[in-house]
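Next come two complexes built around chain A: one with chain B, the other with chain C.
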Partner chain A sequence: MAIDTKKCVGCSDCVVACQTENDVPIGHCRDWVVEVMDGTYPQLEMELRSERCNHCKNSPCVRCCPTGASHYSDGGIVLVTKNECIGCSACITSCPYDARYVHPDGYVDKCTFCLHRVKKGMQPACVAVCPTKCMYFGDLDDPGSEVSEVLKKRKYKTLIPEAGTKPQLYFLI
Partner chain B sequence: MKSRRQFLKISSLSAAGLVFGGGLLETFADNLLKNNQSYFKGPYDFVRTPTYCEVCFWKCAGWVHKDENGRIKKIIGNDDDPSCNGRFCPRGTGGVGMYFDKDRLQTPLIRTDERGKQTFREATWDEAFDYIASKMNKIKEEHGPECTALFTHGSGGKYFGNLLKGFGSNNIAAPSYAQCRGPREVAFLATFGQGINSPENTDIRDTKCLVLIGSHLGENMHNGQVQEMSDAIDKGTTIITVDPRFSTVAGKSKHWLPIKPSTDIALLLSWMNVIINEELFDKKYVEKYTFGFDLLKAYVQPFTPEWAYGITTIKPQQIRDTAREMAHAAPAVIVHPGRHVTWYGDDTQRIRAVAILNALLGSWGRRGGFYNPEKASVPHFHLPDFPKPNKNWRDAMGGKYKLADLALASGVCQATIPSPEMSCSIKGWIVNGTNLINTLPDQKKTIAAIQALDLLVVVDTMPMEITGYADVVLPECTYLERYDSLRISQGRVPSIALRMPAVDPLYNTKPAFWMARELAKKLDLLQYFPFETLEEEIDWELKQVGSSLEEMQRIGVKLLDREADDLYFGEDEDVEFNTNTGKIELYSTALEEEGFDPFPVFTQHPEPSEGFYRLIYGRAPMHTFSRTANNPNLTDLMDENSVWVNPKVAKVWDLKNDQYVYLENQDGVISDFKIKVRITERIRWDSVYMVHGFGHADKRMTRAFGKGVSDTQMITNVMIDPIMGGTGMRGNFVTFRFDNKKAEV
Partner chain C sequence: MREEIIVSGRNNPLIDPQLHVWHWEIPTYLFLGGLAAGVMFFAALYYLRGRENDYRTAVKLAPMIAPIALALGLIALFLDLHHKLYFWRLYTTIRLESPMSWGAWTLMIVTPVSIIWSALHIKELFPNWDWKFDFAKELIGFFQKNKKVLAWIMLVSSAILGIYTGILFSAFNARPLWNTSIMGPLFLASGLSAGSAVVIWMSKNHAERKRFAQLDLMIIGIELFLIIHMFMGFLASTQVQIDAVNLFLGGPYTASFWGFVVILGMIVPAILEGLELKGYKIPVAIPVVLVLFGSVMLRFIISNAGQASRWLY
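== the complex of A and B ==
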């Protein structure tokens, strides 16, 4: 997934759309918005980012999960199998992005890239709802996909690359 | 930087136990949609039902999806709707929270004690209507039917409007005029003979340069505009933002002009000076279409960028650069007229300056500027003529504000407060979907007017402050539980949209149409409600345009053909403008006739005294005014406002981030509640900023009560626009207090 920080207005529509799509209980979230400010008035810069699980290729959460509940699914999407999760929270501690939370029902929950929608050929809920169309979702292995195209054209960064997790969320800057 | 931990910390304060059943739902609806456009068994058995949103005035059309248990799950935009293009904003997506909010009004209430105290008894609908009808008839006998008024914001206004007009009054006002966009309409009418209306006819999609003056697109989520702005960013459009605050869009602008508040007219005049003197204006357009250019040229000569620098603090070079940038993009340039423009009382003149600038750049009627919108035309069933009122709120204005093209909510309020000079003293109000306590500035005045009433009826879904003053509270069901009249929208392509109930109303709540019609029965006014149900009326209307209720239930939105001329003026096309001279009036003869300046004049406005800061307020993308402050989904995103303070100011006051303080304004009004301090470089040192709509004082709104400060409470100095009566609200100054005890004198 690629997210265009130049277009994001930080409205949090992605957050509420995810909550209603995925029955995320109020008070929790699978995605969130970050505002970063730099400079002093009036020389200022701001970056707005819609963040979520980075679906890392080298995921510490998958590695540290004692039951195998955290795993890689189709296309590298990192998922948690609810009924295999014992809620030990080791994955929450290991995640440098703080992308997971404990669901009130006792298991750890996180972004699934809306796999249930993707399987039907739909976009994840956050991507589909975004009024600024600042998110691009698709197959990074397919050089012709929209997300691959946009990454060829634009400058981008990943978050905390030094953690070595090989994050798969790309922020266009 | 806002981290996830902070987000969770904030949101956990409002953690109400609203958990949808089940885990991940492979939605039944989605499956069906893939195979089939829609599916239905009976009136309420749609898997998805069409609606248009009622969380704000943009009214995006969408689909309400239900899960297999028939419970509302989510609301998604309708792909065919030009207002949203299938994408709802956060408020629309969170609209489900309006339905699930457990604090909703549940049953009719009749007051048992004095106004302002929350002492009600539950009543039957019949009792409530009898009470209202007898009071209305009494007002009619004693004072005349004209002494009633309707305040409205939302769909129910039409039905109560017909009721009131049938009763014999035309005092029908929406705070969205005199407290919001009124000056803009009057200014554009005076210049181009045409208002801006809603959605705005700004051609942002194709613009090369977008100039925003205090307008914070992206924080005000006017959906279609935000979407087009984003498309424009993709295409490399230049954005110029004028704002004392580093707004979200300022962060996306090539030029941010951090102007000293209240000096915008000086900047606009100096831009005209540069554009005229450097001959950057559209000569052919100005010559062909405009009136008064030579007079304007002479008028703006003193207003050099150097003159404006001393007033606005914007450097002359920056003024020249931005003027040239606009001219370079012309005619694909938009100097945006804004929406909430009631700031300093000279607002019509400020927006006139905006309009003149657009005329000089030749952007009106041009691609990338302003297009010619077209309203969808749907015939309405012919009603018998309404009785002609002998008087209305205008009689209490002493001949002022003649150029106001709609009723002033503040004018109706003024006409309610008894005074010896006044010929129309209003005695009864119906308030539909607008929380006047937090909508009209100068709360003391609003409450004084309310205390002078014989009858106050409030129709709402939530126990807003205004309901506390009501004699009768009528609980309306939410937009997800009712039919409403068709949404008939203007735009590049005119469109209509249907709202129908996705579920039955919860509790003992009812649609406004039903309430108004039942009242009409009691008042013997049924001739103004010829259809027993709204479905019949909508079906009749739809059949006039070749559609039907059945079709609209399936498609939700229908685009109608444009009948009028093209979106843009043709090459050398002769255009007649609806002004006195038939031209675009740079020099306004209409304003001159009424004794006002034909060109905008810069006047110095009062500045904060030592230790005080100008109160600037605005919007957050996840809330609509005060009406969403209790919505469980939206409070989860933001449950209180904060006061933005420049670090220099914070140092002087020794303020810390996240500390709570009270505010006191220039008139000694101390806020009821505390507000969190946000220390940020994003605000000037002479101002503070907060999001409007918080600081609710009604305990029945459990999530919103006492959260943050109500900017409206701090707005006691109201600067009235002499041209159209708009209520300028940016002339208030606040200081910090660490307790809310009145200082000893």
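== the complex of A and C ==
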């Protein structure tokens, strides 16, 4: 997934869409918006980022899971199998992005890239609802996909690549 | 100045504003597991060296604490789980990359071994003990015959248990303070120190107490050496590691770490044990309680401070 920080206005529609689509319990978020303010007044620069699980290629959460509940699914999407998860929280402490939380039912929950929608050929809820169309979702291995095209044209960054997780969420800058 | 805030109101319980997903259960278990590892390690070591009659407490009596400590520790671990009824999932798979999986399987070996070892020596504690059933007597006879093999299993598995209590932390690369492999040997040393302290406390034999006081002194020296190296490694590393270790060098955990763990938990008992070896009369309970207290505090402080340390972005 690629997210255009220049287009994002920080409206949090993605957050609400995700909560509705995925029945996220009240008081919890699978995605969230971060505002970064840089500089000294009046020379200020602001960046807005809609953040979520980075679906890392080298996921510490998958590595440390003692039961295999955290796993790589189709296309490298990182998922949690509810009835294999014992709720030990090892994955929560291992995630440098704090992208996971304990669901009130006991298992650990996180962004799934709306795999249930993607399988039907639809976009993830956050992407579909974004009013500024700042998100691009698709197959990064397919050089012709929209997300691959936009990453060819634009400058981008990933979050804390130095943590060695190979994050797969690209922020266009 | 750079300022970063979450504007969408993310307030996930146990995670925001600061991670605190592990409470008292994990450090309590790590202490009890380390203690059990310590007493079992010395029991196996001195049995294999043929010193079971010289160091009777260490080989025969102190290991009886292990199954109790492990049982209490396992209860704490169970309480920590959020999806409790699925705990058996730990035993349907072996995940070599997950330290918690290693730990679960190690406990599967260590716990029965500790119970068997205690059963073999139960008559030391209760001379009139009767196993009542023939199959129990046969089973005990079988283990008595193979005690040497059992001791070797106990030696290796207790060392793995002791190291694992630290490695559990160091495998989580999101928390810079934990992210050092020194945690493994440090927690092992701390567990061995707690184990030898318990032997000193329980033993009535002067020679045995002297030997374990010497051992404890040496182990405390190793612990201090490991702590200094941990700090050196962090301070020579990247900004996130420097920030993490600053929690102990002026940050919110400075007083508790240096005061409770290093001074009260290591240096003071080391001085007292040293004085005792020189012939001064010191109530044995004081250094022992201090060592156990330091061992508990080390786990609590590392667990809490580690959760407060994070990557910056």
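Simple rule for what comes next: the second predicted complex is superposed on the first by the 173 of 173 C-alpha atoms of A that agree within 3 Å, B and C clash if a C-alpha of one lies under 4 Å from a C-alpha of the other, contacts with A are read in each partner's own complex, and residues count from 1 in each chain.
Methods note: a contact is a pair of C-beta atoms (placed from the backbone, for glycine too) under 8 Å apart; a residue touches a chain by one contact, two chains touch by 3 or more.
Just so it is clear, the model here is predicted, and its values are computed rather than measured.
**Student:** Regarding the shared-chain residue A:C134, is it in contact with chain B (first), chain C (second), both, or neither?
**Tutor:** Only chain B; A:C134 stays clear of chain C.
**Student:** Does the superposition put A:Q19 against chain B (first), chain C (second), both, or neither?
**Tutor:** The answer is first: A:Q19 touches chain B but not chain C.
**Student:** Which holds for A:K120: it touches chain B only (first), chain C only (second), both, or neither?
**Tutor:** Touch status of A:K120: first partner only.
**Student:** Could you say whether A:P42 touches chain B, chain C, both of them, or neither, answering first, second, both or neither?
**Tutor:** A:P42: touches chain B, not chain C.
**Student:** Quick one: classify A:I160 as touching chain B (first), chain C (second), both or neither.
**Tutor:** second
**Student:** Thinking of the overlay built on chain A, is A:I86 touched by chain B (first), by chain C (second), by both, or by neither?
**Tutor:** A:I86 contacts chain C only, not chain B.
**Student:** Please work out whether A:G106 is in contact with chain B alone, chain C alone, both, or neither, and reply first, second, both or neither.
**Tutor:** second
**Student:** Does the superposition put A:K6 against chain B (first), chain C (second), both, or neither?
**Tutor:** The answer is first: A:K6 touches chain B but not chain C.
**Student:** Just chain B (first), just chain C (second), both, or neither: which does A:G144 touch?
**Tutor:** In the superposition, A:G144 touches no partner, neither chain B nor chain C.
**Student:** Output the chain A positions appearing in both contact lists, the one against chain B and the one against chain C.
**Tutor:** Touching chain B and chain C on chain A: residues 10, 12, 15, 27-29, 32-37, 39-40, 48, 98, 101.
**Student:** Touching residues of chain A toward chain B in the complex: what are they?
**Tutor:** The touching residues are 6-7, 9-13, 15-17, 19-23, 25-29, 32-37, 39-42, 44-48, 51, 82, 98-99, 101, 104, 112, 116-117, 120-122, 128-134.
**Student:** Show which residues of chain C lie in contact with chain A when the two form their complex.
**Tutor:** 1-16, 19, 21-22, 80-84, 86-87, 89-90, 92-93, 95, 97-101, 103-104, 171-175, 238, 307, 310-313
**Student:** In the complex, go through chain A and note every residue touching chain C.
**Tutor:** 10, 12, 15, 27-29, 31-40, 48, 60, 63-69, 83-90, 92-98, 100-102, 105-108, 159-160, 162-165
**Student:** Within their complex, state which residues of chain B touch chain A.
**Tutor:** So the residues of chain B touching chain A come out as 1-5, 7-8, 11-12, 14-26, 30-31, 34, 73-77, 84, 86-90, 93-94, 96, 217-219, 221, 223, 226-227, 229-231, 233-234, 246, 248-252, 256, 258, 621-622, 632-634, 636-638, 646-647, 680-685.
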